[in-house]
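As structure tokens, here come the structures.
Heads up, the next two complexes both have subunit A, just with different partners, subunit B and then subunit C.
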Partner chain A sequence: MATPEQGIDWAGDTGQVSRLRGVAFEVTCLAAVAFALVSVLVLLLYVSADALRPFSADPGWHLVFFLTLVVPSVSAALFYYRRDEPAGEVAYATTGLPVVGVLGAAVFAVVLDIELVTAVEMFALLVSALVAAGIIAAHARYRPRAAAERMAVLFGAPVVTILGVPPAEVTMALNAALSALGLSIEFGVRLLSLREVILLTPVVPLQWIMVALSLTVPVGAVLGGYVARVRANPRAGLAFVGGAVAVSALAPLVGPVVGIGATGWILLVTFCLLPVAVYVEGVIRRREGIAGLTFPLILVGGVVLGALLADLFGFAPPDPWLDWSFLTSAHSRTPAEAGFYPPIVGSVMMLIVIALSTFPVGVGAAIYLEEYAPDSGLAGKFITLVEINIGNLAGVPSVVYGLLGLALFIRVLTMPTGAVMVGGLAIGILILPIVIISAQEAIRAVPDSHREAAYGMGATRWQTTRSVVLPQAIPGILTGTILAVGRAIGETAPLLMIGAASSVRLAPSGFFDQLPAMPRQIFAWSTNLEPEIRHGVLAAGVVTLLVVLLIMNGTAILIRNKYQREV
Partner chain B sequence: MTQDPQRLSDSISRRKFIAATGATGAVALAGCTENTSGAESEGLSGDVIVKGSSTVFPISDTFAEGFMNEHSEVNVTADPTGSGGGFKNFFCPGDADVNGASRPIKDSEVEQCGSNDVNPVEFEIAGDALTMAVNNNADWVDCVTPDEMSQIWRDGGARNWSDVRDEWPDEEIVLYGPAETSGTYDWFNSNIVGEDYQHTARHQPTEDDETIVAGIQDNDYAMGYFGYAYYSSNEDDVKALSVDGGSGCTEPGLDTAKDGSYPMARPLFIYAAESSLKEKEQVYAFMEYYLENAETDTVQEIGYVPSSTELRDENLSKLEEYNTGGTNSTDGE
Partner chain C sequence: MTNENMNTAASTETQPSATADPTSEPLVEQSISVDNTSDRTTVDGETVIRSKDLDVFYGETQALQSVSLEIPENQVTAMIGPSGCGKSTFLRCINRMNDLIDVARIDGELTFDGKNVYDEDVDPVALRRRIGMVFQHPNPFPKSIYDNVAYGLRIQNRDVDMDAVVEESLKKAALWDEVKDRLDESALDLSGGQQQRLCIARAIAVDPQVVLMDEPASALDPIATSKIEDLIEDLAEEYTVVIVTHNMQQAARISDTTAVFLTGGELVEFDDTDKIFEDPESQRVEDYITGKFG
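Our next item is the complex of A and B:
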């Protein structure tokens, strides 16, 4: 608060006016922040209370869990914070890692469940890829000098083992072209690939064995290699892989007992148990923060003890709308049976389409506009016009993009009404301007001095962009993209326009299936005949959508932090 | 699941080893495999896309759920788009297999369908008592005549309650009703408002009947109409008016709609595309399920009048004409 010492006409001479204004301004800003936070918080609490119904439980139930779960975990957290910070980090990671692992396993279980990729396909692809890699390696070993031949093998082997000669797609396209030309010739003769032979064999290994072979073994091998490297002991790595195989082999015994089936057990081992094992091994090896390893035990123990005690005293647990069956079943007209599984799967599949369609286009456009586009003369004026219009497009209402999707993808390209692909592409166009603008900002934030230094060392523009600009801009680009995709997941209006149905009870298994989407389902519930669906089930859907958003934004922050540290 | 031959070869002879591994391997393989050829499901699969009236939607949605419990591979999607909206935007362009309608299909819609080679097949599936509702606090009114409703709902008609009857309050009537895409709107327009007049545009139009209920609930002088199911699930929230069609005041209800004494009773329809019935087995099966169950109490629980046994049999024999006998292969193959 330095005031100029001289200056006759200045109103702040006395010092009082400026201070009052400053304080008033500060208070106003604080009030704005408080208002925003409090209103969002109240809304969230209100919705969560509807979704989880904590007051449907006995007060005794709350008391039991407060004593067995909240008190121990909070005191442990305080202890780590005050006395043993490394242990705190370990506690955080050992609690978070299984959660992430379970999420990963759940995603994979869904992929297998909707048959986006079946276990056989995965297995066949892996075996064929291994055979191809083996052929290439053998060729490199026995004929190390035949470089031209190696090129042929490098491309030929995968074609023979994975695609077939000629690839089925080529034959199909050729036949389609021939029939379009009015010729009645058909190419039927082709050499099947190893992958297709495996897919055609009537007898294949059980699902869990195929999943274990194509997921657990590679993951175990990679992690085992890591263990062998950090321990400088190949035996440790072998022991790790052996352990992984042994735990997987327990699947037919343990899986059904735990209630997740043999395949579920395999997925849990691959995504959750093995990474946690590697992390715990590291903690024990470094002998740092070992106390933190008890934290997950405190949590699990607290839950088990709490459940046992509540059962013993006969305290009724709460009866939330948002429970396991809500996440795993489809919409029903009976409120207690209504679920959210198809919309969750549909929304995630739509996100895949959105990400794959907007990221390359958006980032490419941003790189061109920032690094290559002319900035002077008539062409420069045109580019400025384009940039202004991209800014405008970011503000166009989403209904308009829905209409565009309807006209372009359904009427012109005759894609099926309400399909996952149509929804994804329509919303992809919607967030494209946002992706371009945020990527542009990220690229612009790279200091010009770095570019000039690269040019000064004789780098071409392509080399500068690739090895100087992009590595620094990537965290910003990714953050912007993920935040934009986060907005996309909640878009409802375009889905209404492209004819996404209000009740779809089967999760899509392909990108041209009917799209059930989370916001569409929530909108449909808001007009349901049953008051319990309008209030309770709807709230559960909203909370689920918010959690998915939270996970995505959390991922954005993690990615940003990781890259920022590396740069 | 293989054993390391190096370690074992010291103690056992090679031939024995091969025989032993061969045998155990065969047993292990047999135990660890599944037969993919038998796993082919014989059940139906594919999509059945249902659009159309929001009045019929609760019935279609319930049957979709029931049908999918029996045929888990068939994806029956239901969507309330309004009768007209469904015909115009989805059914006639060929994007939907079935369309619900709370009024018979119009000639212009038949024409539009025809230009896309879509041939609609009509089935009457249930009855509804169109319900005129007012706020719970509107104690001055219990019973209206169709002519009075026409005065209120016609373009340039009564503005205040007192314009209709002198003893009613001198307050503006706030109208909530379905949008023009709705079959309920069409039915009300041609049957109650009358041919000589136009339906007013002064009301708050919505395709969402719950919004109408909410609007009436919030305003003492409001009035609105919707299908009986939306009233029966909100019975405490709004007050339904009786209708005097010349033979005394009759309350809206399933029994009065069934015996025809309620003047605003109307039939509900679903339309199936002929090509879908013939080419898609799952659509035929769904329609069969739909028509059979339209006669059961399920429909009554939702809040509509189930179709009679004769109507059901008539519908089923009509459907039978489009049966291709299951000789057609599954969809798309």
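Our next item is the complex of A and C:
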């Protein structure tokens, strides 16, 4: 094509359209992406290096673990990727499930440890709830037509079995109101609930037995029912439940030996062993990707072998700031003893307050705005104004929300300064607009044709929302909420405004206790006089916070992917 | 704008058509139209739906102009016409789906079984439970096949043998043999034509009196379309079917009565299908049917 033919201006050297500007634009965009990625990566590496101090170990230690852990696991991963993709998925799940299970068990262990809920309270609540459910089910079965009576039973049964008549809180509030009015009458007579009767019983079984009864038995029964269904064999289900009970009964023997105590063993069985057992059973039954089951064994074997070899050769392991004692002890002036346990517990409790306060309000507001609010006329204009301002509220600086929390919850509602509840509510208001907006988007993504189909069938607006819109929108709503909550637990400014203490010795055991929060503790460490705390301990805290965020965002992504596969 | 097809009103029939004497149906034959438009508003058969001088506005735009017609029971009535002529709007007036559009405003009268559906004491939700609807694009819920068909029964708290009704509805919709072994699978795994038959099964599961169909085959391939057409003819034995279609051959094939709407939301001609397609009264209808415009 050296000499283009006469009259052809779309070929040859002169017949090319210049792409110079396009290429320049592409390169600039690529550079922006690279800059963003590299800067985040460098920050993470810098912090992790400070927190984990990998170079404090002997080079030999790294070599040993490289050979026993990294090489086998990477080659296994490559094998799955190249040869056996289902096995790769199985490997991912069998490695991830125990990790998630251990996290769940850890959360429950902390709940029992700080006595947020004691084992006997859990047990009493479960028994009472079961009795209430039994009453409701029996009523539905024997009097299926009495709708009004059903409502009464639906609300009445839990009150009688769980709350008592009248509920203790009502009596307390009533007595408080009476004494405020200057009357010295006290209402002492009330019918105790089943739950309270159990709590009054002077003799209680050992903690691990109560935890086993109130956690392992229900979880085992549900999973056993699942096994019986997928195998179409009730005996398999019974065998599963029997196995669960047998493994639980080992608790007083195995628990202390392993070093986690009988209750720890029960929690581990409930959250880790039983779900993993069900999953492994499924993999073997389907005979697909069985090779993946070896992956966790490779990991555990690599760690054990590496530790043994390093010990044999006398290679010193690294001395990271982020270690077990960091996760289980409170702040100390000595860097080596400083820990993060109270802030982790405090942040998780705050997270519970945030989720419980924002989720119902945010989702309710989003449902109203999307499904019920008028979209034309004067009312429609007002609704548009409201929606625009919800968007604006999402942009209000967090320090302002902290001020609001200070004024509203501490000054007006006289809650204790720096309490878990105050922090959770203040940050809850902060993320409320984000929750509303993301829930609105999830609801809007439900196709109108499904709403029309429901309305065309003669569904009411409520029936359409409940049975058609919400089931499809809930994964999106959850994703948005989890991301917003993840953002929220890193918030620091509102905590400063509501007077959260910089360092708290004890993990809170109630929602009105002093709030130790991860970002607040990190901020306090950043001004500590001890350089090792400013650099090492602080970095360990940052990495812990990032890991928690990573877990939450990962959960959100998992929920989203599951939803996308189903639709 | 003058209403070219303004009809002298037929006397309002207030008693339910089921008990009405077919011979008492008033036939109005005095033409006042200027555009040789037929002024016929009734055909043979007992009337179940009757509209009289029905105007519909979306905001400032008028979508229907003084439409008067009477839809006979247990027959297939087709609405044809070019895009934007108001045929779907008319269909959505019958079960008050237009209520869902804030800016829609309806004047005139539309009676179902002799009761004006726009009366104050009519609950549109209860009305829609008597009048089923099938939409242009198949819109099964992302639930199982069984749950889709059972949906109407569940929301209406019908005390019936759910399994039996689901089976019967799927059989009536000529889908049973294809799905009987996978009722628990997602309805979204079905093909487009199967999905549309599922939507029809869903609509007839609650045993409505009338089934409205808004271009039910326009998103389907010819084979699926012919299955739906066969199905519609079968349905007319039990239900009154009103179908909107773009496809004139389809209307000619399956309908007993045809209403031709033309641009601007006017009903130009309403008559037996054979008459419309062989010897239309209006020149404009003939032009439209023979493909000169539209």
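A few remarks follow.
Throughout what follows, the second predicted complex is superposed on the first by the 498 of 567 C-alpha atoms of A that agree within 3 Å, B and C clash if a C-alpha of one lies under 4 Å from a C-alpha of the other, contacts with A are read in each partner's own complex, and residues count from 1 in each chain.
By our rule, a residue touches a chain if its C-beta (ideal position, glycine included) is under 8 Å from a C-beta of that chain, and two chains touch if they have at least 3 such contacts.
No experiment lies behind these values; they were computed from the predicted model shown.
Touch criterion met: A:418 reaches subunit B, while subunit C stays clear of it.
In the superposed model, A:332 makes contact with subunit B only, not with subunit C.
Looking at the shared chain after the overlay, A:453 reaches subunit C, while subunit B stays out of its contact range. Of the two partner chains placed by superposition, only subunit B is touched by A:506; subunit C is not.
Contacts of A:463 after superposition: subunit C is touched, whereas subunit B is not reached.
After overlaying the two complexes on the shared chain, residue contacts for A:376 are found with subunit C alone; subunit B is out of touch. By the document's definition of touching, of the two partners only subunit B reaches A:527; subunit C does not. In the superposed model, more residues of subunit A are touched by B than by the other of subunit B and subunit C. For the contact definition in use here, the subunit B contact set and the subunit C contact set of subunit A share no residue. Those residues of subunit A lying in contact with subunit C across their complex are 374-377, 380, 447, 449-450, 452-460, 463, 467-468, 471-472, 566-567.
Against subunit B, the residues of subunit A that register as touching in their complex are 120, 201-207, 209, 330-333, 410, 416-418, 499, 501-506, 513-514, 526-531, 534. Interface residues of subunit C facing subunit A in the complex, by the touch rule stated above, are 95, 97, 100, 102-103, 125-130, 132-133, 135, 137, 139-143, 151-152, 154-156, 186, 188, 199, 202-203, 206.
Those residues of subunit B whose C-beta lies close enough to touch subunit A in the complex are 29, 32-37, 47, 49, 51, 58, 61-62, 64-65, 68, 72-80, 89-90, 95-96, 208-211, 229-230, 233, 302-303.
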